[in-house]
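One chain, chain A, appears in both complexes that follow, with chain B as partner in the first and chain C in the second.
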Partner chain A sequence: MIAETVKIINNAGLHTRPAATIVKLASRYKSEFFISKDGFRINGKSIIGVMTLAAENGSELHLTFDGPDEEKLAFDVIDFFKRGFDEL
Partner chain B sequence: MLKFDDSSIIKKQNIDVGYFFEKVKSKFKLTLLSNDSGFQRSIKEQNLHRPGLALAGFVDLFSFSRVQIFGNTEMHYLAQLDDVQKLNSLDRIFQFDIPCIILTNNNQPYPGFIDLANSHNVPVFITPLSTTKLIYFVSDFLDDQFAPKVSVHGSFVDVYGVGILFTGKSGVGKSEVALDLIERGHRLVADDVIILTKKGEGILMGSGTDLVKHFMEIRGLGLINIEKMFGIRAIRFQKRLEVIVELEVWDEKGDYTRTGLDESTISMLDVEIPHIKLPILPGKNITVISEVISLHYLLKHYGYDAAKIFQDRLSQSIQKGKNPDIRRGVDYFEHDFE
Partner chain C sequence: MRGLKQIIESSDNIHTGIAAAPGIVIGKAYIYRKEILNINQDVIEDVENAIVLFRESLEKSKKELLKVFSVAKDQMGEKRAAIFEAQLMILDDPFLKSSIEERIRKEKRQPESIVHDEISKYQQMMKMAHESYMKERALDIDDIKNRIVKNLQKRRWESKISNDVIVVSDHITPADTILFTKFNVKGYITVYGGLTSHAAILARSLDLPAVLGVHKITEIIKTDDNVIIDGFHGLVYVNPTEKQIEFYTNKIKHLEEINASLAELHDKPAMTTDGHEIDLYANVDVSGEVHLVITNRAKGIGLYRTEQIIEELGEFPDEDQQTKIYSNLATRLYPQPLTIRAFDIGGDKVKFLDHEEANPFLGLRGVRLLLANPKLFREQIRAVLKASINKNILFMIPMISSIHEIIDSKNLIEECKKELTAEKIQFDKNIQIGIMVEVPSAAVMAQDFAELVDFVSIGTNDLIQYIMAVDRGNDVVAYLYQEFHPAIVRTINYIVHGSKRANCKVSICGEMAADTLAIPLLVGLDLDSFSISPAVLPTAKKIIRSFSYEKAKELANDCLQLNSQEKILKRIEQFFKENNIQRTRNIL
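Right after this comes the complex of A and B.
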């Protein structure tokens, strides 16, 4: 299992478009993917779940990846967070 | 992606006068006054022409290739000419290759009119309808005749009043979805071969073929007749195409919309039609989803777009800043533990 904490660095936060991108990205892999925010944990492959976080700029999310292709999945997702959802 | 190319577009270049007369005589109350020697003449345009100026002698830019309508104006103009002038005036028009002449308001032709028309092999019809009415009807008829048409493979069903065309590979279950929808009270327009006709700008009308009508093939069973089986409530003859639903076997790498914000369309005969790619999975009830697609389309049409509304809610929530806890939908249970 891989666990990593990431920060939201774009201004608009984790809004609809990046939420959809994350879910689509994650759905390509077999591994399980969860996001926790302030103790609230949701399935990273569920669009409503990811949007429910309503994560604003500066908030920290705890990501966990577990499964056969967890490394690739973790790399892709974390990279997307680091890129500020391509909105920097 | 749905396969669709321009080569399958059917567009009539012309219809002959005989065919036109056969199709519209009872609808527009046309009677043939001349002989039928000019029935092979062709109509190439959907527009009509009133040849007032040409009768008066001005034949520059005379739209002779259109169906010529003689209304009250034309007939009254001719009436005040003497016999020689009358025939000269008409003869000027017959020098051109006109398809046919229609006299409206039951305006009877003058002596010699029909003989002249016969000698030039131009059919002349008469109708009791007024010019305005006749022009309206005939334009509509010709517009339909010359409209671009295309035949597509799929199942076309009216679901809650929304015309949904199901497409997808053979054997993916289009007909079965249609059957399931019919069973739930929706109406079949056509199965397998659907003819789409462009009406005006931005409208595609779909219908079945004359031969097939509401017959349908169910694999393993053969041909069935939906109208006989489910009755008149289960069918309709035409419906505007509003949504294309492309069924496909679930593709792990497929790109399916998750929010509905990214709407896609397919261009058919230059009309943009909303397009939904629907993956099929075991346990997935395509019929119910189809009904939801219709209701969703109706809601959007009447101004409620769930994806946009949710997007706004989310943005507001993010903008409020710190969201230390994920808030429950209910603040306080107030001793209500039901």
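Right after this comes the complex of A and C.
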């Protein structure tokens, strides 16, 4: 299992479009992917779940990846966060 | 004819709300109630059949929503239709689906109760977030929940609405607005919702009168009650008296006459009788209002309030989104100019900070917030520059109070220009940069500031608040919000002179310029252009065409000598009488 804490660095935060992109990205892999914030834990492959995270600029999310292709999945998702959802 | 004041004073059937879209309509009410869903909690026998029914309801919902999505794209544009795309993704959410199916198997209850329960859980989480857009998002998700439940109950989703009614509702969701356009709805009244809600935006872009935020109105009005909407004053009359109907029928007739006489002026310039021309521009909040700008023959858009995009989208638009919006608007207006005002966030507009400021109007707003968030500012500048390729865009910075803010903003603009040049992206290298003068310190420094920019626009709403030190939303002191206070008249005069000495064009935007009574005075104070709501533009033109610049100059000089609002108003009224100008303010 891989665990990593990421920070939201784009201005608009985790709004609907990046939420959708994360879900589409994660759905390509077999491994499980969860996001935790302030005690909530939601499945990163569920759009309605990701949409409930009101994650604004500066907030921190805890990600866990678990499964056969966890490394690739983790790399893709973490990279997307680091790129500020391509909104920098 | 009786005055509006008498009509209001003598009645107890009048309810007030926010005047969200102008116009008057008399008609039959239709109470549009979100049906309170009767959720069947019964235990079921055939679990597998229940799962099949649940899956069918998802498919049916998807089909319906695809239809709504395509209608929405046509009527509201891609951006505002995006909410339906997210709803479609939710219908495909494998985890939502499997957790619902799991619960149906385990709890053996009617699928509709499980669907309702499961989605409500997510809505609860959204409502707990402090951002207002998250709460709106929870309301939007109501649509999807109710749609699935109704399909499980095999009921048709669409309510029956009679044609030609005034819709009265608690609140209006995006899907509702699409439904209403099919039934020739004549106006809207809601309990919740402000100027930037879906209902308000839709009403304005369809030219329908609307009064929103009317307390408990759905409990007061019944279907088929007679109703009058006065969208100019935010008034709703329930089962109006004969006198009220007569009053408003006359008003409607009068409005039609005015519109007809104004239409004759369409192709004539806003020129005084002695040939002094004033450029009339339009203020625009949402892109849906652009057709009004064009039909009312404005010289262009003098104020495009970009913060409204955030309200409309429910999130910050990124650089590409902004580029698209600005380019579309500039192309539709071409060759007429589009003045884009940078995000004026803070104050009472769009919450940005998590914490509450003790004095938001004296806090982080306008250019202060932009400079504190250079990434946000930079994205907007780059988008504005990219859209400026046809050279018909001007860029304006709000809330300037010191010279450093101008210098820092201009430096940032220069940096962005360099970046774009390096990226080989074309833009208008000589794009005009202007500032809003709406803070007393900027008024005092007008000439120095004007020397650094291409144009100055006086924002009267804030200027009056700051000069008079009065919160006009505060009923106790609202009487001090005086557009014709001598300090305001003299300050405007001072700003105009300072800017002109710096060879800078000066315009005025804000409600004062739309007050028919203020127009001759502002012409006499030598403003080059007015930017006003597109709906009042023809009226303003008519007034400007009915007096001479020479007389207006005299009026302004006299008013600059007077020491109270009462005296100034008296002098202005005398001007209207002497020049035999009909005051439409009395009619509206």
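List of remarks:
FYI, the second predicted complex is superposed on the first by the 88 of 88 C-alpha atoms of A that agree within 3 Å, B and C clash if a C-alpha of one lies under 4 Å from a C-alpha of the other, contacts with A are read in each partner's own complex, and residues count from 1 in each chain.
We adopt the following convention: a contact is a pair of C-beta atoms (placed from the backbone, for glycine too) under 8 Å apart; a residue touches a chain by one contact, two chains touch by 3 or more.
Quick caveat: nothing in here was measured; it's all calculated off a predicted structure.
Judged by the touch definition given at the top, the superposed model places A:His62 against neither chain B nor chain C.
Contacts of A:Lys37 after superposition on the shared chain: chain B is touched, whereas chain C is not.
Shared-chain residue A:Leu88: touches chain C; no touch with chain B. Once the two complexes are laid over each other on the shared chain, residue contacts for A:Gly49 go to chain C alone; chain B is not touched. In the superposed pair of complexes, A:Val23 makes contact with chain B and with chain C alike.
By the document's definition of touching, both partners, chain B and chain C, reach A:His15.
Chain A uses residues 12-13, 15-16, 20, 23, 40, 47, 51-52, 54, 56 to touch chain B in one structure and chain C in the other. Within the complex formed with chain A, the chain B residues making contact are 252-253, 255, 257-259, 261-262, 307, 310-311, 314-315, 317-319, 321-326. Contact residues of chain A toward chain C in the complex are 11-13, 15-16, 20, 23, 40, 43, 45-49, 51-52, 54, 56, 87-88. On the side of chain C, the complex with chain A involves touching residues 82, 86, 89-90, 92-96, 119, 122, 125-126, 129-131, 134, 137, 141, 314-316, 318-319, 354, 373, 375-376, 379. On chain A, the positions that touch chain B within their shared complex are 12-17, 19-20, 23-24, 27-28, 37-38, 40, 47, 51-57, 59.
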